[in-house]
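A, B, C and D label the chains in the order they appear, each numbered from 1.
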């Protein structure tokens, strides 16, 4: 099997999501990490590189140098992972796309709508692909959910409900909590709960149902005194075709860890799924006993089986789903070197949709929950 | 023990909630059913009376005769249960209150705001008490939830979420389904999901948290073509003091039976409860492992223990909670003959609040989810 | 409807199960409590009678007087409930059966095999019926489970597993804990966990599967120092026809309240049920997604629907199941005055089987888990 | 970081557990797969090697050649993974230990007691270490369970219950089901359910509680006609010190996938864990509300935190636990090159204990559940 050469921007010591990306890249053996600009602080960058087995000459001080130098090498990276705070996603992605290096970027795609538009333009003229890690879409039972909706098992979709509840920002965070600090700084994050987790919920809704938003209203609220971004967001969605949706994203809902749930109700049936027990998918057909589909079980759909690694009853989790995104990106890259038609893969269009969603929610909320279009 | 003499209006053959009220009245031995106007159809009324062991001379053709005749008897009823469609609650209650006969009435209190105001006036000049059967407030763990909130176990309340999901109206009902027919007829019900189950959710929110609504917006929607009332309702609540709430009531959420859930999030902790597993109450203290309180368990609060009949692990259910309301009404009646201070008992003020809530939701929804006051 | 006249022996102030029997008798309005010998202590007996609305002349000092006096009255009781410690069940039941008064008796039927044999003989010559309150058999989903097994939904039964776990005897009980004191006194109880809860589990196994025991081995163990009866029992069952069973009953399994579970595995499917969530029944067909049947739901079987009072999603519990036994006893009594063929009703044969089961387990355990026959 | 050079015996195309070992080895980047004898069939072996990126010159026809050749290379493998059917584990492990190459071996350690004794002798004279992949011991909440028991949170352990239920062998397997064929062939597996999954349950019991078996009795049963090994096993354990244990392992319990559960009951508290929801650990302190510890949550113990990769609420699963074993083996190897004190790591002593357990169960069962010692 071909193993792609991978670089990384961000993800040095003390980071969280960088390590996740690295484990995801390793699990299926499709990538080898060979280069990086792991931190804005030069010392921390190089120490991190050494720890990660990246050679000194490919540990860079900044992403700009890295993009140019790797592009110039005959053995330069095929793809770069961007795992920095949100406001840097756009500029970094553009730098690598300009060198025709594929990009795998953490979400949300950018911190602002202007950045998103700029990145869209850059991607349009690049020979490389852009992948966004809305990782929850890669859980096997979410793939099955999408297939069930598409095949009509639920009838016409009427109601969609997605909640993403956390409690880790219930208090004023300590200043040494890097994750909390940049996420609650609007200049780095572009938004609070709505951007950090609301976009995941929205992406999941769109991915599974294929519905398109007609109008929405939103209330973004800040419960913790002094916080500069929202920590609790409610969004009501009216979709084209008449279906209704609701998203609740909160980072102050005490007792919740990463409680992302999705329910889709149609005229004939419904499905329910919870990220914290991702190997099960409940299906209720109107008038019949609810059934619990299990990942890998005899009742699995092909779409779930295709991204299942181990037998039923042996739980797969978050890292496996993340790794599936990495594997699917590798398959796209290896297949064509350039594509924008990526089946289940989340690409730049979905990323743009997510940034537009955040922007619309912020506009609605400022207007006291007025109805707005994306 | 004194056993109160009970009459009933409605609840004849083919009815649902009348039987529930009778079982609730019997469980603790506080009532004896001795009179009734069990149906609008005279024959069905008298056959029902015979089946229920009510003597012929106390089986009435209509509530009006019954109120007068029972009032005139030396052994006349102490209290009447009203278990008719909503639009009759008000007139019937007024007829009995006028005779100083206590009233236990199914919810919502009335079908319209005008009826509610009229009933408030009638109650004010009666010597008898009015009780409303928002039965979910009598579950032991809901009593404990209320106590925990009151005692500050959750800190300051920030977010309240109550959902009441059913699926029994997902389709156009058959015309012989009496329950469905009157509930989807606005002249009899006064509203759809918002009145039938939304009021339960709202009452539960108010009961447990003690919060008072400042403004709300609501979207009442009808998914089933041709239906004259809403079958899906979403309400956003802004409470005095800054807390936020959300209610979702649906009768077309396939796969849900009587899935009423309540979650209350405070600055220090949260509680979560589900009516379909009512003997448990989850409590999460910020930063600590979630705890599962059980009805009757060693960790029960006094408020829960006071309404618990059997030991932990032997489930109590819906009828027990309903019976608690009946027992508490009996205690109030026996204690004073007349009171408006009924501790946990749901009375006319709460009933009025519920009707105002429905009215406000209907006004907001007509104005495209505008913010309104009650 | 005919209302049977009910007497009670035991169940005075401070008792537990007597109150349960009274609520069960009241719920469906089939009985009126009119007489009793509520306590061995005369004062407590009469005070209890007064509290329960039983007239002074029908409050007896002992069961023997009561049986004779009630038999002599023209308005004497139709049926007596026996809710005393186990060692008195037999003598009391015999006294009433001798007067042709029907008996509803708490389990286990007797404290010893000799008592059981004596009672069998007494019942054989009485015109009255004997009913045993193995109440778990009256849960609607247990009725459905029985029907599913009978109809072959599981194929041939291979394995049955019933556990009944409690923790209320994990410590040496306080001497004022009457329930604990007599249950851990072998002269009153006849055995510990095996008799108190093991018989429930065994009865449930027999009721649902119809299997008959060929041989068994048992280990009865006492974990709490100084206790005179077993507090933890394990029984391996080999049934006629080749199926295997296992029962674990413990009163020292910390963290369990009344955690009675049943699982039945056949060649084609399995069912699983838990008493603490009694409204659900899991059914797994080999190779298909597990289904969750709900009490009252569209997928309910007739046998479950027949003993269901309220709609799906409104939980019924322990008292409702107990009340079903009382109602079914009333139906048998009213229908015939005398019957030994009681469909789902648990009668003297099943009671005798339970006492033989305890006896066999005690014999096996004394012989170091030797294989024995009943 | 040092990356160990890994070889593999078994695990070619069509195999199951080999792929698991490879993903586990990759996840943390501690190993690089460089050599293998992937199948007994030469063609399949070499095609598998090519697929896995192993160079032609290090793809061997048999393990014996591989052990010698790799030992002779300056860049030879540090460690070999053995993922063949059980009867080959012993001979292969001995071949590599003889070359002082570390061994990571799938369970059970060997198919027979004689093989286990031979391997013990071989290990004693080797400079290399032997690791057994009882992977369930590496789940974070199992590590926490062990710590809680050790620290006395449960008091004195009284009862241990471990069940491992599957249904994949409920029918006669198809002959092209390689996994089923060798597992039901006693010459390859050494036993049925007792060896395949019973040993996992037993290892988990020993790992978490530290208890040592005094005597046991066992009933191994074959439900599926014509099968040459047991498919259902029950074992009663009496431990030194007085605690009691029970293991039930079944491969014909319809509706179960990999339903491995552990419950440990002490005088002061209990813990309960389920492999299919491995991120939770229930803890019940006598008299207090049950608590649900979560992996990565604020209440995590150090032992759990040490093997946790991602934040609470993002589920880790089976592969992560397996990868932890690989990482810990790497740490031991890197630290010393040779050690027999491997903290949480499962080594040859535990492997030997497992084979003795299977042997004892088989002896007891043949003697009709007689009590035996290991």
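Everything below uses one rule, namely that a residue touches a chain if its C-beta (ideal position, glycine included) is under 8 Å from a C-beta of that chain, and two chains touch if they have at least 3 such contacts.
Owing to the predicted nature of the structure, the values given are computational and were not obtained by experimental measurement.
For the interfaces A-C and C-D, the C-beta contact count is higher for C-D.
Among the remaining chains, C is positioned farthest from chain A, on the basis of C-alpha centroids. In whole angstrom, the spacing between the mean C-alpha positions of chain C and chain D is 43. Separation between the centroids of chain A and chain C, computed from CA atoms only, is 55 Å.
Shared interface positions of chain D, defined as residues touching 2 or more other chains, are 290, 294, 297.
By the touch criterion given at the top, residues 1, 3, 16, 19-20, 22-23, 26-29, 51-53, 166, 168, 256-259, 275-279, 294, 296-297, 309-320 of chain B touch chain C in their complex.
Chain D contributes residues 154, 158-159, 161, 167, 170-171, 217, 219, 221, 223, 232, 234, 236, 244, 246, 248, 250, 252-255, 263, 265-270, 272, 282, 284-286, 290, 368-369, 371 to its touches with chain C in the complex. Taken in their complex, chain B has these residues touching chain D: 283, 287-294, 297-299.
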